[in-house]
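In the two assemblies presented below, subunit A is common to both, partnered first by subunit B and then by subunit C.
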Partner chain A sequence: MAELLADLDRQFPGIRHRMIDEQDQIRPHMRIFVNGEQGFDLQQALASSDVVQIIQALSGG
Partner chain B sequence: MAASARVGNVLVIQEIEVAEVASRLQRGESPVLLDVRDPDEHAAGCMAGALLLPRPLVAHSISALVPDKDTPLVVYCAVGIRSAMTAMTLTGMGYTQVWSMRGGFDEWQRSGLAWIVPPLDGVPVPLSAEQAMRYSRHLRLPEIGMAGQAKLLAARVLCIGAGGLGSPASLYLAAAGIGTLGLVDADSVELSNLQRQIVHATARIGMPKVDSAAETLAALNPEVCVTRIQARLTDENVLAILAGYDVIIDGSDNFTTRYLVNDAALRLKKPVVHAAIQGFEGQLTVFAAEGAPCYRCVFPEPPPAEFAPSCQQAGVLGVLPGILGILQATEALKLILGIGETLAGRLLSYDALSMRFTELSLRYDPECSACGSSGPGKSEAPGWGLRNGRRLKA
Partner chain C sequence: MVTAAKKVLLQVATRKGAWLFHGDAARRKWRVDGPHFLGHIIHHLMLDPRDGRTMLAAASTGHLGPTLFRSLDRGRKWQEVKQPPAFARVPEGEQGRVVNHSFWLTPGHASQSGVWYAGTSPHGLFRSDDGGESWEPLSGLNDNPQYREWMGGPQDGTPDGPKLHSIIVDPRDANHLYIGMSSGGVHESRDGGLNWTPLIDGLEVVEMFDASKVWFHDPHCIRICPSDPDRLYQQNHCGIYRLDRPSNCWTRIGRKMPKSVGDVGFPMVVHPRDADTAWVFPMDGSSVWPRVSVAGKPAAYVTRNGGKTWQRQDTGLPQAQAWWTVKRQAMTNDSRDPVGLYLGTTGGELWMSSNEGSRWSCIARHLPEIYAVQAALV
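What follows is the complex of A and B.
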């Protein structure tokens, strides 16, 4: 997971900071799901076929 | 005795005397007794065991109620005219054993034969003839029927926000016959709203949104009681406002309100149908008050302002709240009817650009500050709506 986020940050500079705080914790308004299940651990191992979805709290109505 | 029949191209109506019906019932025969009067007439008194099917609904619904066309049918109304016409309709539809009861229920009563006032428990609450026609497509669904429609007519739903999400949600809920629809919105209609807020109109720019929406909803379904609450939800008023409703639809446009609604609904044990939108993306779920994650379980804290632009700043595809708002209305109807499986515990994420709906599994957080084992939602402590001892600032 940590590698995936690092790679994402190379493609979209600054995006990791929007998702992960200085203590390496997922920010409380961001959620990461692996194959539809919520993940909290950046050390979680990912398989090449896993689908990772990143969700941010939205407020618009 | 012959029933109504086709003779060549002529449909013959067969009548049956009330005494003959009574003696057949006494002999243990069990024809279907079809009461084709209006529901209010039926409610005042009917033959024991009669099925209520108001005449305007007969052609629509008879095949669902009586699928076998060789079933003996005794049709009655008040005096025997509507039943005669219904008998003709049924014969024309291929029913082979149809009798119209001569003199109708009035003659039945005059003859001193037994009749009953239909019990309301577990039996559909009568609808007016106009209601039976307006909601006829609901009445045909076995999952709704008269009993379900009566639940909708008695239900109270609160729409928080009469904007992008509230527009389609309130329109469909009003059309469905929700008895009382509360609308909370402090704002007035602006030109820039009309790209998506379809409950309003160009001629009503400047009018309070709750008034504008009430006008549209009344035109669609004058039966619905629309309660207008032109106010912003606050710590002081939220409990009083939410308390009067069965289901809350959260279509608000800011995090402060969303957390406030979550905490108050938990306290009051009211389900919240939540949706939020931005750009081309939407999220939908149901916070069911008990036994499922709440908003704070999913997002313990709102994002900092710089990470969460509003629709005004970030833009939104006009049709997007239409899709999500209609899904909110769907979930609200299911909650009221007690049918199907709601989205409680699941987040539906929608991406309009790829046209993909993704379902994500939500987790109950035992440490949640609102609904966790020691959270304010679980106690009567006056801490709800507060966070770390201070008012929530979203």
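What follows is the complex of A and C.
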């Protein structure tokens, strides 16, 4: 997962910091799903066939 | 220096985006440019007076982490900066801090092009040496154990987080800095931010609390006088103050405000050429602290003698049933002669006076909640 996020940041500079804070925690309102299962561990191993979804939960007025 | 020929650019930061207002030479007509970053929370928007074209915007949203945007052409095109303010990462198992948003932006000293300072929520002070592209924490403050204690925790700050604000660079000395922390007091550094000293003598705190405890102090807005940098003014949670260096003791000049109005408020504005002249915009601090214009009648108050006396300035403003709140960054001035004053309300109205507060007029209505207003001559 960490490598996937690093690769995303290479393609879209700055995107990781807006999803993951400086203490390597997933920010509030950000959710990461692997094959439909929610995960919070950035060290989680991924297989090449895994589907990763990064969801922003909007709330408030 | 009087720069009457220049036009005013107003930079308006709101809870839902940023707007720029370009004034004509007479400051009567305003051309609106915006929204920029619609949907982003823009906490502060600041043009660099040293080059007249670099502009920074402190931004966050409800779901994405905080960032800064930078423009090199005075707000026409924007790019996200490479490395926004972020606290140092701590070893695994320790509790590290996370920047929720950058709240305050201050360009560095005139002799240090490219240097900027940012104050964050929670309390953090950051410096950029490359025009805002990348930022480093000033650990002399951020990681100082004594200061961490004074900064308190999430329970001690303003409703949307404790804020480090009012970053002031002495125009005579790039290493002489002031900051305010809400809550956490006023502080001074004489070595560019490596070491800091509290500057709270004479300041009052909420009744029954101990004024010798730094963490009880809540400066709302501190300003240095450009014409006399030994003089500072402050709107505090507990009154309006003046400080004349080298003294370390603030004087509560708000005691001379009308008793029926009081001396509670958020912004403080100083005259660019007359250190005896300053403005406040009082808020109701009675009972449960409504923090709206007293009696629903908005008014600025000006002193022209360093706080010995104050005069009400409400000509042109609504005379009844106007329950305005004006936040600490939402009142400012230009440096023309006569001085222009500008303020934004949490109800999304933008007002100005082109004659130092004698008469007010409305520039815009129906904007989102206004957080900050800055005026620049361009």
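The rule we apply is simple: the second predicted complex is superposed on the first by the 58 of 61 C-alpha atoms of A that agree within 3 Å, B and C clash if a C-alpha of one lies under 4 Å from a C-alpha of the other, contacts with A are read in each partner's own complex, and residues count from 1 in each chain.
Just so it is clear, contacts are C-beta pairs under 8 Å (C-beta built on N, C-alpha and C of every residue); 3 or more make two chains touch, one makes a residue touch a chain.
Here the structure is a predicted model, which is why all the values come from computation and not from measurement.
If you put the two complexes together on subunit A, you find that subunit B and subunit C bump into each other. Of the two partner chains placed around the shared chain by superposition, subunit C is the only one that A:21 touches, whereas subunit B remains out of contact. When the two complexes are overlaid on their common chain A, residue A:58 makes contact with subunit B and with subunit C alike. Shared-chain residue A:37: touches subunit B; no touch with subunit C. In the superposition on chain A, A:29 contacts both subunit B and subunit C.
Overlap of the subunit B and subunit C contact sets on subunit A: residues 18, 27-30, 56-60. Partner subunit A is touched in their complex by these residues of subunit C: 62-65, 67, 80-82, 84, 86-90, 96-99.
Interface residues of subunit B, counted against subunit A in their complex, comprise 161, 163-166, 250-255, 258, 275-278, 281-283, 298-303, 307-308, 310-311, 314, 316, 321, 347, 349, 358-363. Remark: subunit A residues 18, 27-31, 33, 36-38, 53, 55-61 touch subunit B in the complex. Listing the residues of subunit A that touch subunit C in their complex gives 13-14, 17-25, 27-30, 56-60.
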